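Okay, so chain A shows up in both of these, paired with chain B first and chain C after.
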Partner chain A sequence: MSELKILLRDEQRNFRGGDTVEGVAGWRLEKPPTSVEARLFWFTRGKGTEDVGLVNQVRFDAPQQEEGRKFSFRLPTEPWSFSGQLVSLIWALELVAEPGGDTARVELIVSPTGQEILLHRHASA
Partner chain B sequence: MSRFGIKVRGPAGIGGRILASLFFLVFFGMGLLFCFFIGREVYFSAQCRGWQPVECVILESQVAEQRHSESPYVFAVRYEYQWQGQTYSSDKSSRQKVSFSDFSKAQALANIYKLDTRATCYVNPANPSEAVLQRPTLWIGLMILLPLVFVAVGVIGVAAMWTKGATSEQGAASMAGKSISSRAGKQLGARAGAAFFGLFFVIGSVIFYFLTVCPLLGVLGARDWAPTPCTVISSRVQSHRGDDGTTYRVDILYAYEFGGREHRSSRYHFMGGSSSGRKRKAEIVRQFPAGSKRTCYVNPRDPNEAVLERGLTRDMWFGAIPAVFMLIGAGGMIGLLKKRRRTASDPESLEPAPIREIIETPPAPFAQPAELEETPGSRMLKSSSSRVVGVIVLAVFAAIWNGAIFFGFVQSSGFFRRGRADFFDLFTTLFMLPFIAVGLGVIGLLIYQVLALFNPKMEASIQPGSPRLGGWLDLNWRLTGRTHVLRSLKIFLEGREEATYRRGTSTYTDKKPFLKLELAAISNPAEMATGQAKIALPSDTMPSFKSDNNKIVWALKVQGDIPRWPDLKEEFEIPVLPPVPGKVYERIKDTAA
Partner chain C sequence: MRARDNPFATARVHRIRYRFLDGLTWEDLLARLKWMRWRGAIVGPEGAGKTTLLEDFEPRLREQGFEIVWLRLTRERPRFAPEMWRKLSSELFSGRFVLFDGAEQLSRWAWWRFLRHVRPAGGLLITSHRAGLLPTLLECGTTSVLLAEIVADLLDEPAAAHRAQARHLHQRHCGNVREALRELYDLWSEHVTSARRSKELRLRQSLLRRQLKDEGPVCDLLPLRPWPL
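This part shows the complex of A and B:
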């Protein structure tokens, strides 16, 4: 069974816009890969049809069946991570290996404070 | 999912799915049946195209009349040919018997295959007694596209019923470790929508061409046709009983002399086909009794072609119906394509970079989602929906919906026309009742919207034009029109989530406000006409955000209470920007702490 992992520096998950997210992508695959990519993106979760915004991606050149590579992305200032009753917006890093589409994902929070914006905070207060 | 406290509604219940599946299976079955018929026709036509050409002699050639047929004019032909030393005769002009509602079309064939002339016929080598004068075309095969649409709708519909809904599927994908980022930019919904509207446009265009363009070209082309005396031979209203009730057409056969030869035609005007409404056709027929002398207009380039009424006729307005389909199709396609262009970040524009470059160079650049533009100074607000446009759209819909019910059902129903009904009439009436109810509901809504047209109108401006979270918003307003009818007026700023999703073949948008900030609540009519208000925007919430299916919307809402009249309701969408970077961020940080 293939195994993919994303390790972030200091295991940091909360970021402010403009910060740099750094880490190491590691994989041990059943078959030699044709491509391994790290992707930075946001997606929506909730009642609405999912929207996905791919912000950046890097393809690791000549990937081996088993190895680890460094990566680094600068985060944009928007959109912010938020959570509501219908929609939530989540930032994530994904490591995708082909063929097979094996995937590892870590979710991040990106906002001016590094905290998720809770939309209904005022309503419940 | 539970982390965010969001409940995802599952697909419809099993009963609903079975019913919907049966509905789509009917689509699938009917489509398949018609595909089979067309496929069979194409197969036989292709076989016929392989028949051998042989010289033949035309023994009989004339236009015969089948009085009670819907298409009464037939090219009656008989010819003789030889095959491997034996003589055969045939009376088939084509593989299938063809009859015409227009005399001149049958006459045109008689002119091609004149009596006692030699022509080429095509003989079936497997059965030499079978021959035709004209080989069939294979273009009919293109017609298979139409039932294929039904087959596709049926298959997609059934598949949609028994596969998990988009939202739950995505949720499952998130859990099961499938890639989410791979779905970025996949606009299957938009593409399917564009294809749907494209189909609307193509079908509308084809119908528009035959129903409007062809008759108009005929009218334009006939301006120089020669006025010629003609004698009416027969005159009647021809009826055609179909599944959607009986339709009628004018059938006047007349003879005229042109270039020293007698010709006949049955064309009254350039609008072909039959339609409902017998009375108007009977009036026309009364004006052209058999034996009467009239003037017809003859095409000098082809004297077989003539017409009694060469101008525009009332029924040419039917051309407006497919034009509506065309406009809806074109509008839908343009709207969806524009939406696709607005997509925040397109992965195709992002070329993946090798990791070596990433490690050796500063952090990679990022693609910015579509940013809201900052508007300096004040901004005049524009209402999110136009009242007049709303009334026009509703009126067009009401006209099409109720027109279709009236012409397609009420006019042909014995229940509505005679006050008595047979079993079929009763069944169709019961079946149509919900559709009639919807039509009446739409008329009611239209009346409500027309009344709302006379409500006071608000003109509002804000300063700054694009307010920022953590900043101030100044509002100035002026009410025009019948402001005296207002009993109370409320103005507030609303921040809300909007989620668009599909259930089966329908699209829904749910809205949930997360913040309401009151700017004004006035009950004194003297204070309503003009006013201003100022409000501080919170810093610890979301600015405006738009993606294809999910939004954070900020809107200024106006609600006015009018007794015994539709209330005043207006909404002005406002783009709310994030705080100024580096300045208000610190304030947000403090607030969060």
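This part shows the complex of A and C:
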């Protein structure tokens, strides 16, 4: 069974716009990979149709069946991580290995405060 | 409640795959479709799982050696763009299988035009609200028991706990499971939010009671602003 992992520097998950997210992508795959990519993106989750925005991606050169590679992404200032009752916007890093489409994902918070913006809390304040 | 935590969020609902009601198996269904020379229709009302079933066909048809071509029309986008018609004419051959969601959107004339264009394809499976466009492969339907099972899966609870509510919802939405689950999203969101408000109100009342009994300063513990009711 293949295993993929994303380890973030200092296990940091909360960021401000413009920060750099750094870490190590590790994998142990059943078959030699044709490609391994780390992707930085956001997506929405909630009641309606989901949106997704790919912000940056890194394709690791000549990936081996088992190894770890460093990565680094500079985060944009927006969109912010937020949640209301109808929709949440979630930032994530994903590691994808082909063939097979095995993935690993970690979720991040990106906002001016480094905390998720909670719309219902603001609305009722 | 945050939308991301709602058990009835679209992403979670989409993870629930089609369930056969009458003991049918995938082997039976694929054999039937093959016997129909790979041309058929999945028919049923809105929210009965037609699109989910069509999506579930994709990996199984790939296993049969087909390349899949997806086509989708909706009430909001009921026509193919001119370049799509050109692509259909030029890119279909016997190794390609067309999965077409929302065939009822095409007018009668457009449907016949479509059939001419997809003739070279190795297979064609459509979803439609009405029968008659192609021979019916399967008629989709729902039951309140099915809805209860889906709700139970989403909440990770036994189905028996949801039968009564599912019966009521299924009836109210005329069997449209998608709409029933959307209503549950709202109900869940409101329920958790009001539960949280009640909890905070109880906390506030107990703090005020302590203050009245002069048990010491509690102002630091109170929320900064009054909770709106």
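Quick notes on this one:
By definition in this document, the second predicted complex is superposed on the first by the 121 of 125 C-alpha atoms of A that agree within 3 Å, B and C clash if a C-alpha of one lies under 4 Å from a C-alpha of the other, contacts with A are read in each partner's own complex, and residues count from 1 in each chain.
The rule is simple: a contact is a pair of C-beta atoms (placed from the backbone, for glycine too) under 8 Å apart; a residue touches a chain by one contact, two chains touch by 3 or more.
Quantities reported herein were computed from a predicted structural model and do not represent experimental measurements.
When both complexes are superposed on chain A, chain B and chain C occupy overlapping space and clash.
Of the two partner chains, chain B is the only one touched by A:V52; chain C is not. In the overlay built on the shared chain, the residue A:I109 is in contact with neither chain B nor chain C. The wider contact with chain A, measured as residues touched, comes from B rather than the other of chain B and chain C. Legend: residue contacts after superposition of the two complexes on their common chain; A:R39 is shown touching chain B, with no touch to chain C. Contacts of A:S88 after superposition on the shared chain: both chain B and chain C are touched. When the shared chain is aligned, no partner comes close enough to touch A:L29: not chain B, not chain C.
In the overlay built on the shared chain, the residue A:D61 is in contact with chain B alone; chain C does not reach it. After superposition on chain A, the chain C segment that clashes with chain B is 171-179; the remaining candidates among 27-35, 153-161 or 171-179 show no clashing C-alpha atoms. Comparing the two interfaces of chain A, the one with chain B and the one with chain C have residues 45-50, 83-88, 120 in common.
Of all residues in chain B, only 1, 4-6, 8-9, 166-167, 170-171, 174, 177-185, 189, 344-345, 347, 350, 352-356, 358-359, 363-369, 371, 495, 497-502, 510-512, 514-515, 538, 540-543, 545, 547-552, 578-579, 581, 585, 588-589, 592 touch chain A in the complex they form.
Against chain A, in their complex, chain C makes its touches with residues 1-4, 6, 9-11, 182, 185-186, 189, 193, 225, 227-228. Touching chain C in their complex are the following residues of chain A: 45-50, 83-88, 90, 116, 118, 120, 124-125. Interface residues of chain A facing chain B in the complex, by the touch rule stated above, are 16-17, 20, 37, 39-41, 43-61, 69-80, 82-89, 92, 94, 96, 101-105, 112-113, 115, 117, 119-123.
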